[in-house]
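Two complexes come next, and they have one chain in common, subunit A, joined by subunit B in the first and subunit C in the second.
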Partner chain A sequence: MAIHGLWIINKAGGLVYQRNFADGLAQLTSNEYLVLAGTLHGIHAITSRLSPTGSSSGAEVIEGETFKLTIHLTLTGTKFVLLTSLVETTAEVILQKVYEIYADAVMKNPFHTPEMPIRSEGFDSKITTLIGSGQ
Partner chain B sequence: MTIYSLYIFDRHCTCVYYQDWHRTKRPKPAVEGSILPAVSQVISPVAISDTATVNASTFNNSPRNTLSSSTGIVIATNESVARSTPPLPPPSSTTLVQQQQGASSAGLPFDEEAKLVYGVVLSLRNMVKKLSGRDESFTSYRTSTYRLHLYETISGYKFVMLTDPKTDYLRFVLRQIYAGPFIEYVVRNPLVKMDSKEYGIDNEYFRTSVDRLVRGLSVFA
Partner chain C sequence: MAYSQPHPRLSVLSNSSQSSVDQFSPTSSSARYSLPSAPSIHTTLGSTKAPGPRPNIYDRNLNKTRIAEVSASAFAFLFSEIVQYTQKRVSGINDLERRLNTLGYRIGTRVLELMVWRAESSSKAPKRETRLVPALMVIHTQVWKAVYGKAADAIEKSVENADEYMIIDNDPPIERNISVPRDMGGLSCSSFTAGIVEAVLDGLGFPARVTAHSTPTSQFPSRTTILIKLEKSVLEREELLKQ
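Up next is the complex of A and B:
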């Protein structure tokens, strides 16, 4: 049980928030994270078109051998992505809570420009309380 | 719980085999020249001269039955089987129209769909590798209506299977297909031109054997 990281991707595919928690995955540079977020944004759009039956959502969970990415897409197109270990069962719940915190600490913040990187101490500290060190 | 389709890609990024089971949305047949011969009869482009006959015989089969064992001989690449199939008695016009509508409601032509599947699989594979920092492989992803599983062999063949989202880990099945039917009827078949970039690997024995293996699974319903 470990939470490795949290990403927030805006509706254009730009990474507006990225934070690491527990170790276990590679430490990448912020540029590499930006590229990965853009890729994920594209893949997410394609996966919804590959459905063999009817219309589908985009990818919700992507799994590797030791970790998974859980993706929560909001109605406004913002994606919340949580990187956790495979056994983590509460990823969806945590993402829901992150969304609430985002609404409170980011969207209600008059100094925040929509679709731009999130630099808010209030948001940071609330996320720390929710996820802690990720262990 | 069910299984929708199986794709096999070789190391040159081309789709060499396709089979489907419970798909309600069939892909449109591929455009002439954009997929290799002997990938799957169902989605291969049909010759213009006998389009009507082939259409009739293709659509007359149940969409769940992608097997065509009409020839009774072992062949390596059954490129021309669809065309040599004796035309089946045409179904009543209404059912034919309905079936054709059903088939045409499918979104993408097969060749484009296969490229998208390969693109997604390749990007996710690289992404997982990068994120983990080790040689870790991507195994599956899930959306609200399906789940995609990947098994990659050392020789670069990628086995991709689309199933119901509720199925769990199915990589062992893909491994079984590789270790069983694939080795037996493709690798050990001297008539199959593997890695040729000109032909797929479809042959009657492989198809039947994969079909039997998949239908025997507990998740296949």
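Up next is the complex of A and C:
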């Protein structure tokens, strides 16, 4: 039961928010995070076209041997990605709450430019209350 | 006080910002006020022919909306746009705060009129606050309740200056979702509220300069102090009334 990290990817595939919550993740540079987010954006676009039965909203969970990656796609194309341990069962619920916080603290903040990196103290502190202290 | 021209505070373009007038509004002053012109109302009514004439907002009973509530989210988005719109047209933080203050002032004059009408029109002996402290109490409770649906958290009198009073709100609803970036340190979007307070004080006959300052505490990160600096004439009159 652990939450490792949270990413927010805008509709163009750019990483606008990234935060680690626990040790154990490989330390990457911000450039590497950007590349990973862009790759995930591409993979997600592919998975959304793979469905044999009608349209699909794309990958929702990607599981590895040691971790799980849960993707929440909003109607506007923003993706919320949560990296958790395999046994974590509340990932979807948490992502839904993150989306709520995002709508409040980011979209209603006049000093935020849409599609740009999120620098908002209110958002940071609300995420900390939801998930726990970050690094 | 006698004004040779319309009160400068009633106009978004006050004289002190003449430099930015050109980019703000190339047309004449009529664009500043959003009163619908009469012909457009008639044409819309004539062309649509909705089931029965639509009630004009000006003809509605003012008490109908007395307990009505506005979606906080809708207001947050609107206020966010107001700040962004204003920010695009100013040269600095002071200018931004002054314009937000002016926008609030235009609301404050209407709030006072509506509030007094609702509270006193049915009373047999309508009254008006003439002393400073009761007037501040009215702002602290009634104005805040009329505008934000809750009372403010405290009124304080400045220790250093006799002409300064402070109204404190621990969690101003208009700032709940706003995070001011570090490079705009001193900005407080509650200047809007300060404008409302200034208008109400002006309307009650207590001319003052009202400004907003964020005074965060660890418990209340968006705690805001509305600082009221009264004009000398007000304090002199208070002295006379005391006797």
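The working rule: the second predicted complex is superposed on the first by the 132 of 135 C-alpha atoms of A that agree within 3 Å, B and C clash if a C-alpha of one lies under 4 Å from a C-alpha of the other, contacts with A are read in each partner's own complex, and residues count from 1 in each chain.
Just so we're on the same page, contacts are C-beta pairs under 8 Å (C-beta built on N, C-alpha and C of every residue); 3 or more make two chains touch, one makes a residue touch a chain.
Source: prediction; values computed, not measured.
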Combined model on subunit A where subunit B meets subunit C, clash or fit: fit
Subunit B versus subunit C as contact partner of A:Asn109, first or second or both or neither: second
Partner chain in contact with A:Ser57 - subunit B first, subunit C second, else both or neither: first
Partner chain(s) touched by A:Arg119 [first = subunit B, second = subunit C, both, neither]: second
Which superposed partner A:Thr74 touches (first subunit B, second subunit C, both, neither): neither
Residues of subunit A touched, compared between subunit B and subunit C (which is higher): B
Partner chain(s) touched by A:Thr47 [first = subunit B, second = subunit C, both, neither]: first
Nearest Cα pair across subunit B and subunit C, whole Å: 31
Residues on subunit B engaged by subunit A in the complex (per definition of touch): 4-5, 20, 22-25, 107-108, 113, 116-117, 119-120, 123-124, 127-128, 130-134, 136-146, 148, 162
Partner subunit B, residues of subunit A touching it in the complex: 25-28, 32, 36, 39-40, 42-43, 46-67, 83
Complex contact set, residues of subunit C against subunit A: 73, 76-77, 79-84, 87, 176-181, 184, 189, 221
In the complex with subunit C, residue positions of subunit A that touch it: 104-105, 107-111, 119-123, 125
